[in-house]
Amino acid sequence: MMTPEDRKQLIERYEAGYREVVNSLEGFHADQLTAHPLDGKWSACEIVQHLADSEMNSAIRLRRLLAEDRPVIHAYDEADYAIKLRYNEREIGPALEALRSARTTTAQLLSLMSEEDWKREGWHPESGFYTPELWLKIYAAHAHNHAAQIVRLKEAIGSES
Amino acid sequence: MMTPEDRKQLIERYEAGYREVVNSLEGFHADQLTAHPLDGKWSACEIVQHLADSEMNSAIRLRRLLAEDRPVIHAYDEADYAIKLRYNEREIGPALEALRSARTTTAQLLSLMSEEDWKREGWHPESGFYTPELWLKIYAAHAHNHAAQIVRLKEAIGSES
Amino acid sequence: MMTPEDRKQLIERYEAGYREVVNSLEGFHADQLTAHPLDGKWSACEIVQHLADSEMNSAIRLRRLLAEDRPVIHAYDEADYAIKLRYNEREIGPALEALRSARTTTAQLLSLMSEEDWKREGWHPESGFYTPELWLKIYAAHAHNHAAQIVRLKEAIGSES
Amino acid sequence: MMTPEDRKQLIERYEAGYREVVNSLEGFHADQLTAHPLDGKWSACEIVQHLADSEMNSAIRLRRLLAEDRPVIHAYDEADYAIKLRYNEREIGPALEALRSARTTTAQLLSLMSEEDWKREGWHPESGFYTPELWLKIYAAHAHNHAAQIVRLKEAIGSES
C-alpha cells in the first residue's frame, strides 16, 4: 500500500497532466499536427485524440472500481482505435476539453476517497489484479508521458526553429 | 434503418443537449442544487453528475461499437453510482464540462460515420441487440430529458419566484 | 423460426452423434489414435478430446440461454486448447463418456423446451446473435462432422487394410 | 501454495466424489427422489442435476484457467438453474454420468499439471482472485458435501426404515 502522502503526490501529478499536454503543444505548427515525422509513431493529433478516449475510459474505470464489486476492466486496442475512430481527421479542441474534464471531475472523486475505497479490487484482462492505487500510478504518468512524446515530435519537426 | 435525414435531426438534438442542460440550470438557486424537493428523485446536482458519468460512458459505447467487433456494452446501476460516487457532494462545474466535451468529441465521430458504420452491431446485457442508431435515439433524448427534470425541480423549489 | 418438426429431426441427429463417433472409431488401430497422417489436422485422439470439451461447453451454453437473460456466450480458441490441455496425451475413454453424457443430459432439456424457450436470445462474441435454434443447428452437425473426420483419418492410415 | 502432497490428497478426494454420491443414493426409495422433506432444501433429484451442471461447469473453469490468460470465470445462480432447467422433472441417470465423466476427464488434466500450471490466475466475479488450487479445494469437497446432503434427505424420509 502507498502512504497517503504518496497518493497525494500522484494525485497532484494527475491534476497537472492536462496543463502538461497544453504546454507541449505550444509552438507546434498547426499544419504539422497530423504529420508523422517519427516512423511508426502517432502524430500530435492522434496522441491528443488518444488522450481523450483513454482518459474518459480511465474515468469510467475508477468509477467502476469504486461503485461495482470486483469489476472486470474493459481493455481495448488503442492502435486500432486510432485508425477506426479516425484520430488524424478530427480537430483536437474537443479532445483537449475531454481530457481536461475527465481529469477535473475524477480529481473530485480522488479527493473524497476513504482508506477503504483505496483497498477496492478489480481485474484487468491483460494485467490481472487491478486496484485504485495501480490506476493512480498509471494515470499520474499517462498524460505526462504523452506530453513528452509531443515534445519529441515538435523537435523532430523543428517547429521551434 | 433510419434515413440520413432522420439521423441528421437526432445528431443536431444530441449536439444541442449540453445547452439545454445549462439553460435548465439558469435561475436555479445555488444553495438549492443539492435539495430533494421531489420525493425519491435526484437533486439537480445529482442529475448533472449523472450526466457526466453517463455521457462519458456513452462516448465510450459508440467508440466500442465502431472500433470493436460485436462489443458487449457495459451496463451499470446508475442509482448506485449516485450514492457510491457521492454525486451530491461534488461541485457541478467539472461535470458540466465533462458532459459538454463528451458530446463535442463524439459529435465529430458521428459526422464522419459511413453507411457501413451505422450498420455495426453490439449487445447490451439488459436490452439485447444494440446499434449506433439505437445509441443515437437514446442519447439524442438523454440530456433533454434530464434538463426537463431539472426544470421540474426548479419549479418545485420555486427558484424563480 | 424452425417448425417443431424441423427441430425434432435435428434433436434426433443430436442424440445420434455419440454413436456416430463411436462407429467412426471402430477398426481404428489403437496405436494410431495419436498419429497425424493428414497435414495440419488433428489426430483421432485430439478430435475426441475436443468433442468432450466442446460438448460440455455446448451443454452449458444451452443452459445459459435458457436460464439467464441475454447471456454472452464464452468463445475460446479450440486449437489452443488442444495444445495447452494436452489432448494427444490423454486416453480417450473419459472423453467419450463426457461427450455421451453431455448429450444425454442436454437431450432431456431439449425435450422439455416450450415455444417460448426456443425464442430466447443471447450473443456470441464471434458470430453475434445467438438462439437455441442456432445452437441446435450447430451441435446437430458437430459430432457427425468430427466422426467423418475420424473416418478420413482411418482411411489415410489404412487402418482397415 | 499447497505442497504436492496436499494437492495429491485433494485430487484423490475429487476422484472419489462420484462414488460418494452413488453410495449416498443407495437405498433411496425411487419414488422419493423428487420429494422435499427438508424445508427449503433441494430434493435428491435436484441435487444430482445440480451436480451435473455444476461439475461440467467446473471442468470448463479448470480448462479456462489452464488454457486462457487471466480468464474471468462465469458465475451463475444455481437456485435459478434448478427451477428454469427443471431439475426435478428429469431422470437422474444422465446427470450421474455427466458428473462421473466431468470428473474422470478432468482428473486426467490434474495429473498432468506442472508447478507452473498450478500458479495460473483468474478472476471470479463473486469471490475475486481465482487459482487452480482454489478450484481444487472447492471441488474436492463439492460432491462429498452434496452426498452428505442426500444422506440427510434419506434419513428425513426414513428410506432405510
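Residue numbering begins at 1 within each chain, and the chains themselves are lettered A, B, C and D in the order written.
We adopt the following convention: contacts are C-beta pairs under 8 Å (C-beta built on N, C-alpha and C of every residue); 3 or more make two chains touch, one makes a residue touch a chain.
This one's a predicted model, so the numbers in the text were calculated from it and none came from an experiment.
Common neighbours of chain B and chain C (chains touching each): not present.
Per the C-alpha superposition, chain A sits rotated 180 degrees relative to chain C, a value rounded to a multiple of 5. Measuring from the averaged C-alpha position of chain B to that of chain D gives a distance of 45 Å. The distance from the centre of chain A to the centre of chain B, with each centre set as the mean of the Cα atoms, comes to 22 Å. Interchain contacts close the chains into one ring where each touches exactly two others, per the touch definition above.
Across the complex, chain A meets chain B through its residues 52-53, 56-57, 59-60, 63-64, 66-68, 74, 76-77, 80-81, 84-86, 89-91, 93-95, 97-98, 100-102, 104-105, 107-109, 112.
On the chain A side of its complex with chain D, the touching residues are 69-70, 72, 121, 123-126, 128-129.
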